[in-house]
Every structure is written in C-alpha cells, then in structure tokens.
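Same chain, two partners: chain A is paired with chain B first, then with chain C.
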Partner chain A sequence: MNQTFKKETFRDDYTFSNSPEAVKRFPFPFHEDEYMYSVNIEPHVKTAVGSITEFTFDIDEHYVAECEDKAITLANDPQRYLCLPHMMDAQWDTLELMMESMSNDYPEQFNLTKEGDNWTWVNKPLGITTKFVFGDESSLPMEPLEYIGRQVQGDWVMLDQRDNNLFADGAIVTSQADWSLAIDVGMSWQEWHGPVPIANEIGVFDRALKYLLNLQLGSPVRRLNWTMTINPRLDTSPENYPIWGPDRLSVTPENVGDKVHLRVELQTLFRLPRSNGMLFGVRGYLISMNELVTNPLWAKRLHRVLKGLHPELAEYKGLSYKDITIDWLSKYDDGTSSE
Partner chain B sequence: MERQYWIRSKPVYTSLLWHEKATAHLVIAEGDGGMAVLKLLQQKYPTQQVNGFFVKSPNALKNYADIISSLAPAEFKVFGNTTEALNSLKITLADCCMGTCFYVAGSEGFIWQVAKVLASVGVQDDDIDKELCGTLARTVYCVHCKAITHDAHHSVVACSGCQRQLFIRDHFSRRLGAYMGLMVDAEQPGILPSIEEVYP
Partner chain C sequence: MSHLNVKVAAIEQVTEHVKHFTFISENGEKLPAFSGGSHVVLALNINGRIHRNPYSLMSSPLNTEHYGVSVRKQEMSRGGSVFMHEQIKVGSRIQITYPVNLFSISKLSHKNILIAGGIGITPFLSQIVDLNRMDTEYELHYAYRSPEHGAFRQQIEDMCGERSHFYVASDGQILDFYALLSKQPLGTHVYVCGPEPMVNAMIAAARDLGWPEKHIHNEQFTAPQAGESFKVKLALSNIELEVPSEMSMLEAIEEAGVDAPYLCRGGACGRCELDVVSCDGSIVHHDNYLTNAEKTGGKKIMPCVSRAKCQQIVVNL
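Take a look at the complex of A and B:
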C-alpha cells in the first residue's frame, strides 16, 4: 500500500477534510432509517481491500495529522494518559498486539524486528526508530501504552477483568466524545456507562457485558457508535469543553455543510494474552455534512434518523443544533426509499 | 440531581448493620456518623472483636464521642481530626485479620477518604458498609483545572482552583472521592441556570 498522509489540522484553523476515497470508505453507521442503542457487536474480521476493516488497525490518510494532534493534546494535559499500577502486563500485551499487527499489515510503513527480547520498532511516517527490551519499562521513553498509543489513531482503554466485571484501569484518551478519563479511570463497566440514558433500561449493557466477559484470545469483536461534532475537532473532551462548547451555538443554516460533522467510532475489543485483560479501541471518523451528502442515500437516511432520534439520546449527545441540521438535510430527502 | 435518570456511578449508602459472620469488626465514624454508631450499638452486639475509631467534628449536632465512649463495650479511639485518625487506622490495618468487616459513617468526603485507606490494603469498595450522615455536601473535582472543591451544597459551585462555575454531575469517581464538576456556562459564558441548595 502506498499511502500519502495529509497535512491538516483538527483545531484552530481546522483544515481537515476527506479525500473522495476517504468519503467512499467512511463507516456510515445506519442500516435503517431509525436508530436506537443495541448490542451491535460482531466479529472483528478482515473485510474488503480498501475498507476500514481491511486490517486489524486502520491507518489512513489522516494518520500523521491525527498523531500530531494527539501529541498536542497530551502536551497540554499529560493526564490524558493514566494507568493503574497493576496494568503493566496489559500495557506490554497492547504494545505487542499493535506492533505486530501494524508491521504485518503495513510493511512499507512499519517494521518490527525481534532478537529474543531485544526489539526494534521502526515507524516511518512518524520518523521513529526505537530499540528496546520487551518487558523492560526502563528501555522505553515512556510507559508502553503511552508510547504505542501515541502512534495509533484513536483512543485506547485497557480493561482489567475481575469479579465478573470489567474495570477501565488504564488508557490513552485524546479524541473522546465528551467523557473524562481522569473521572472514569478505575471505574467498573456499570459506573463508566452510568451517564448513558435508556441503554441500561433496555438491557443493552447487561447483555453486552455478558458477551464481552467471554471474549476469546484471537477473536476480537467490533461495533460502531456515533455522535456529531461541530468542526472537525478530535479533542471534544470535558476537560476542554470551555474551548469547544461555544462552537455548538455557531451553527447557522448557511454553515451547516461545513461545520456539522458526523462522527463515527469504530470500537474494537481484543482479549490480551498475558494479563487476561482486554483492549478497547475507539477509532473516530469525521465527515462534514457537505462531504456526506455526496452520497444521496446517506443524506436521506441521516435526515430521517435525526428526525426520529429519541430526545434523550439527542440531549445526551449534545445535539442542540439538530433542528438546523435536519432543515439543511431535508433538501436532500425526496421521500423515496433510502435502501 | 441530573435529568430524570439515575447515574449508576453515584454511590448508594445504607444503614450500618453488624455482619454476624465476620471474624472481626472495624467501625470508623466521624461527626454525625456518631448517630450511625449509636444505632449499631442498639443492635445485638457481635461476639467477635470490635475496633472503633471516632473523629470529632465541630459541625456535628451532638458530642457523640462521649455518648459512644460511655455506651460501647469496646474501646473507641477518639481523634480531633481525620488525618490523625487515618494514620492510626493504617497501623491497626496492618494486623487486621481476613474476614474483618468494615463500617464507615460520616460525611461523604470522610467516607471516601477512609475507603481510600482501606483500598490501599486491598479492601474492596463493595466490602465496606457505608452510612452517609449529617450532610449531603459534595466533594467536586474540576475536570478543567483538576482542583478539588469541598463541601459543595448547591447545584452549581465556584471551583476553588479556577473559579469557574461548576455544574456538579452525579457521575462519581471513587478513585478521586469526588463528583465530576463541569463548567456550567461553557457554551454561553455568563449565562447561569438557577442555583439551588440541593446538598444541604
């Protein structure tokens, strides 16, 4: 694969955009005209060439710019990486999984050589070469999860499994849809999902947890989640809410196409071998309304999904600009089938 | 106090009850938590060893220390402040036996300070009985500047660190012993909701 990486920003002047190829492979999450939470978990198997799940970890045209944005966020707030002490095995598990997958799947970009525990990692797009001793923390410039997490798009949470439950005991989180790692680290499945409306009442969380507790090594799973974001901003954290919150009120009928973005998260879950913990990835994809309506079926369907969205979900996701967006999308919906 | 649904990270507090099957009992209370201790003492007293720690508080309704000392069959160590009590607790915990039951009562801030000490020796949160007494005052963690603000009584509180007006979400971090505080007027600076005393 010969990937070129775009120069673009996810803050300040927001020069991010998708190429036509990126729009084509965008993971549009709606398979019908309405949406409600469900246990939408499926095996994380490799799919068609060029699709976002062709490989275990998706490295796309935004890779370099996203890693740069991540570095800025971490420099401003080092606590976007937090890990409890008992998670060191899981950290090495994660580093191994990522390095092995990326070097196998993208040999032109990443290279891993091993002589016993002496490993050499080469990341060409980011210009990184590191020799280190696998399992020896002092041989890396920072803890293993932070080291590798800075080189993979998306947010990464490590779960400890105990007492028939999962605990979010370590993570690197720089592009979250409005949840705080500082608050959530160490929490159980029920606690960190506490703020989500409706899902608990309809049994989604109990069933999903039961499924996950049996996750097998070598059989990862995935699901899609979605929200909307004003401007192509990755760091929509509660920490920086004073920075991005006012943007919600900046949406007008004239700028919907540019400003309003659908944000889809490809969430993946892997069992980890040594720790018997789990790795949870949240890989975000952004698409502006202007880009989205280049696909007439997506335009119609999003219009209908937003129109019928349960008010509690709309409030939870912070879609105060929903009605302006529906009006704007309505010109793309002639009422015919969206299949 | 948020929307219509209950956020499940919000701790639920109960009334203290002796666990008959324990190997020993450790009671740790502060201020108005004295009332919870007195209620414990009205129940059938355990046959196993009981250790007690009590922290006096000027805000408490009564001087519970004296009442407890005169009523309790076991000795309750009495302290003038929480720090001293927690230091003494750490020493006691070093030779605590397996199967000890833990009972904590007092303000929410106190309960989670004790829970943190207990956690450091491997006692799980679920294995600590907690009774909230005297006040619903909250400890708040500001997600913006990371400062902790104590004794919040209203739905919105000024951050002790950055002075932002924080809305107190029901989302509670046991690690921090605090609720999530989020700038209430971030979207429209200066526009505040009505502020109510909800945690007297």
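Take a look at the complex of A and C:
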C-alpha cells in the first residue's frame, strides 16, 4: 500500500479535511432514518479492500497528523495516560497485538523483528526505531501502553476482568468525546456508563456486559457509536472544556457546513491473552457537513436522524446546535427514500 | 468462533487413570499466549459425531510452543475421555478452541489459596506459573485418594516448594477447610477445583466463616448427562429436532446444522443461554450459571448441559 499522510491540524487553525477517498470510506453509522441505542456488536472481521475495517487497526491519511496532535495533548496533560499497577501484563498484550497486526497489515510502513524476547520495532511514518526486550519495562522509553498508544490513532482503554465485571484500569485517551480518564480510571462497567441516558433503562448495558465477559481470544468484536463536534477537534475533553465548549455557540447558518462535524467512533474490543483482560479501542472519524452532503443519501438520512433524535440523547451528546444543523441539512432532503 | 488445528506430539501415562497430551500447532507456529487457569474445548469426532469436551491447559503460559492437557478416564463418561485414552495417538489431529479463562486469579488479591481435589489440579498448574512470575503470595493445597493418584506431585513440589501441601486420603490426611480458611489475612482469595462435594464443602466453609462472595472462586465443569429424549423447536430458524437420550441439547442443535453460541460446554460460562418461548413439561437444569430464581422461572435454559422433560420445548434460536 502506498499511503501518503496529510499535513494538517486538529486545533488552532484546524486545517484538517478529508480527501474524496477518505469521504468515500467514511463509516456512516445510520442504517435507517432514526437512531436509538442498541447492542450493535458484530465480529471485528476484515472487510473489503479500502474500507476502514480492511485491517485490524486502520491507518489512514490522517495518521501522522493525529499522532502529532496526540503528542501535543499528552505534553500539555500527562494524565491522559494512566495505568494501574496490576495492568502490566495487559500493557504488553496490547503492544504485541498492535505491533504484530500493524507490521503484518502495513509491511511498507511498519516492521517488527523478533529474536526471542529481543524485539525491534520500526515505524517509518513517524521515524521511530526501537530495540527493546519484550516484557522488560525498563527497555522502553515509557510504559508499553503509552509507547504504542502514541503510535496508533484513537483512544485505547484496557479493561481488567474480575468479579463478573470489567474495570477501566488503564488507558491512553487524547481524542475523547467529553469524558475524563482521570475521573473514570478504575471504574466498573456500570460506573462509567452511569451517565448515559435511556440505554441503562432499556437494559442495553447489562446485555452488552454479559456478552463481553465471554469475549473470546482471537474473535474481537466492534460497534459504531457517534456524536457531533464543532471544528475538527480531537481533544474534546472535560479538562479542556473552556477551550472548545464555547465553540458550540459559534455555529451560524452560514458556517454549519465548515464547522459542524459528524464524529463516528469505531469501537473495537479484543480479549488479551496473558492478562485475560480486554482492550477497548475508540477510533474517531470526523467529517464536516460540507463533506458529508457530497453523498446525497447520507445528507437525507442525517437530516432525518437529527430531526427524530430523542431530546435526552441530543442533550447528552451536547448538540446545542442541532436545530441550525437540521435547517441547513433540510435543503438536501427532498423527502424521497434514503435507501 | 475461532479454532486452532493441533496435532498430538506426545502422550504420557501419568497415573493409572490419567493421561497427559501435548499438542503442537499443525502449521508449526507458536500457539496463542494465554493466562493461567484457561481451558480449551476439544472437538472429538467419535463415530462421525462431534463431541466437544473442555480441558484445562496445564502447560506453562510462558511457553506456547505447545499446549498440555490431562484427561482422567471417566468410567461413567459419554465417551469423550475414553476416546482420548483409547483412540488418540501421537500424530492425531484435533481441532481446539482458542483458550478461554473462566477461572482467573484476581489481580487485586493479596494472597491466593488454591485448593485442588484429584484431577482438579490441572487448572492450577498454569496459574502457578503466573503466580510465580508475578511474585504473588499463594498456597496450594492438593488432596487426592492415595499415593498412586497424586498426579504431578513432583512437578508441583519443584514449582511451589514450601507453598505446596498434600493430603493423601488413604494415609488419613484430611484437608480441613475450616482450619485453613479461618486463619487467612484480609484480602485473601480462595480457588477450588475438584469433585462436586469437595467444591460445595469448601464454598460452604468459606461462606460460613464470612468470606466475601467475590473472594470465593470455583471451576466446575458439569459433563452433559443422559436423560429422556425430547423434541426442540427452534423458533427463529424454524427447525424442529429431537434430542436423543445420550446427546446434549446443544449437540443435537449443532447436528441439525445450526450454529449455536457456546464457550465452556460445562454449564459455567453462560454463553449458550437460550430464551425459552414455551415448554409443555419441565426443564431439568444441570448448569451452575443460572440463578435459582431463573431456574424456577423456566424462561432460560443452558443447552450445553440441561435438558427438558416434555413433549416439546420451543427456544429462541
């Protein structure tokens, strides 16, 4: 694969944009004209060439720029990486899974060589070569999850499984949709999902937990989730709310197409072998309304989904600019089928 | 569900009734890493019918060039363990599942008490490797019938040293659960694997002594029991089938060509749970997964081990 990586920013001047190819492969999440929470989990199997699930971990045109943005966020706030001491096995499990997958799937970009426990990792796009001893923390410049998490797009949470429950006991989180790692680290499944409206009442989380406790090694799963973001900003954390929160008030009928972005999360879950823990990935994809309406069916469908969105969900997702967006999208909806 | 293709590299007669099997992957590559306490499910083709039996991995999680399982020949077996003992030879090819762990060591425990009865020793051998590696405090208490039944004793002494304790029933050595569990520090977890009466007695003693429920762990795979035959209707696939007396409901469903979910096949994990739409008789629950309320409610069944006494049971599959 001959991937070129864009030079772009996710803050300040916000030069991020999607190429036509990136728009084409965007994971539009709505299968019908309305949306409600469900246990929409499916096997994380490889799909068509060029799709975002062609490989276990998707490396796309935004890879280098996203990793650079991640480094800025971590430099400003080192607490975006937190890990409890009993998760060291899970950290190595995660590093191994990512290095093996990426070097197998993108051999021109990434290379992993092993001589026993002496490993050499080469990341060409980021210009990294590291020799280290697998299982020996002192041989890496930082803990394994932070080391590899800086080199993979998205946020990565490691879950410990005990007491028939899952605990978010370690993570690297730099592009979250308004949740705080510093607050959530160590929390149980029920605790960190507590704030989500409606889904708790309809039993979605109880069923999903029961399913995930039996997640099998070698059979990862995935689901899509979504929200919306003003400006193509990755770091929409509670810690930095004063920086990005007020942007919600900047949306006008004239700038909806540029400012309002649909943000889709490809969430993946992997059983980890040595730790019997789990890796939970949240990989975000951003698309501006201008880019989205280049697909007429998406434009119609998003218009209808937003119009019918349950008020509690709109409130929880912080879509204070929903009505302006619906008005703007209405000109792309002639009422015909969105199938 | 993902599978691995392995072949038998070595077989060792460990005691009169126990054989140890060493598996290597068919393609010569390393097998997947796993955590102590994991098991795999073997798919055994016995006279054209697939039997699936779970066995604990007892090889070291640090060396996945091979996997090891030990099988006790069960006199009352439906055939799986006898087949392993009599038909499986070096070079035999077997399909196994990826490792699954339903018996993992709590990473937040301050101390771990491992209690094994007879062949129930197997899951602890891989756990001991993890506990040694992580330098976690533990004791192993291994009870068995008579000296010739003490499988793996030498290996255990080598791995655990003074942390291992042996109780040989024929020598009058009895493991006193009350004495053992009443003197443990706060934060201790206890794990038991062995015959059902032993598991139940240990759990009763721990509860009686006020141990927190979350600190009491057991692994108990129930083998499917024979029973009367009955008819099953799969409401979603619109298939009707008969469960013969010597077959489990899950096996009958699989033989009808329906891909039903499962993991442990021993009534422990909950993965194969089915919703019961109707049943014109009663459900005979054999699992350790459903709560008593769920069992009496009659709306759920674990087809890997449970049966029905009825003309027809309708399930959502």
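Everything that follows uses one rule, which is that the second predicted complex is superposed on the first by the 339 of 339 C-alpha atoms of A that agree within 3 Å, B and C clash if a C-alpha of one lies under 4 Å from a C-alpha of the other, contacts with A are read in each partner's own complex, and residues count from 1 in each chain.
Convention: a contact is a pair of C-beta atoms (placed from the backbone, for glycine too) under 8 Å apart; a residue touches a chain by one contact, two chains touch by 3 or more.
It should be emphasised that the depicted structure is a prediction, and the values quoted were computed from it without experimental measurement.
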Touching partner for A:200 - first (chain B), second (chain C), both, neither: first
Which of chain B and chain C A:161 touches, first, second, both or neither: second
Chain B versus chain C as contact partner of A:190, first or second or both or neither: first
Which of chain B and chain C A:216 touches, first, second, both or neither: second
Partner chain(s) touched by A:38 [first = chain B, second = chain C, both, neither]: neither
Contact breadth on chain A, by residue count: chain C or chain B: B
Which of chain B and chain C A:252 touches, first, second, both or neither: neither
Chain B/chain C common contact set on chain A: 163
For the chain B and chain A complex, residues of the former touching the latter: 3, 5, 7-10, 124, 141, 143-144, 146, 164, 169-176, 180, 182-183, 186-189
Complex contact set, residues of chain A against chain B: 79, 163, 180, 182-187, 190-195, 197, 200, 237-242, 245-246, 248-249, 312, 315, 320
For the chain A and chain C complex, residues of the former touching the latter: 86-87, 89, 93, 96, 160-163, 210, 213-214, 216-219, 273-276
In the complex, chain C residues that touch chain A: 1-2, 32-35, 37-38, 61, 97-101, 104, 106-108, 134, 214, 263, 269-271
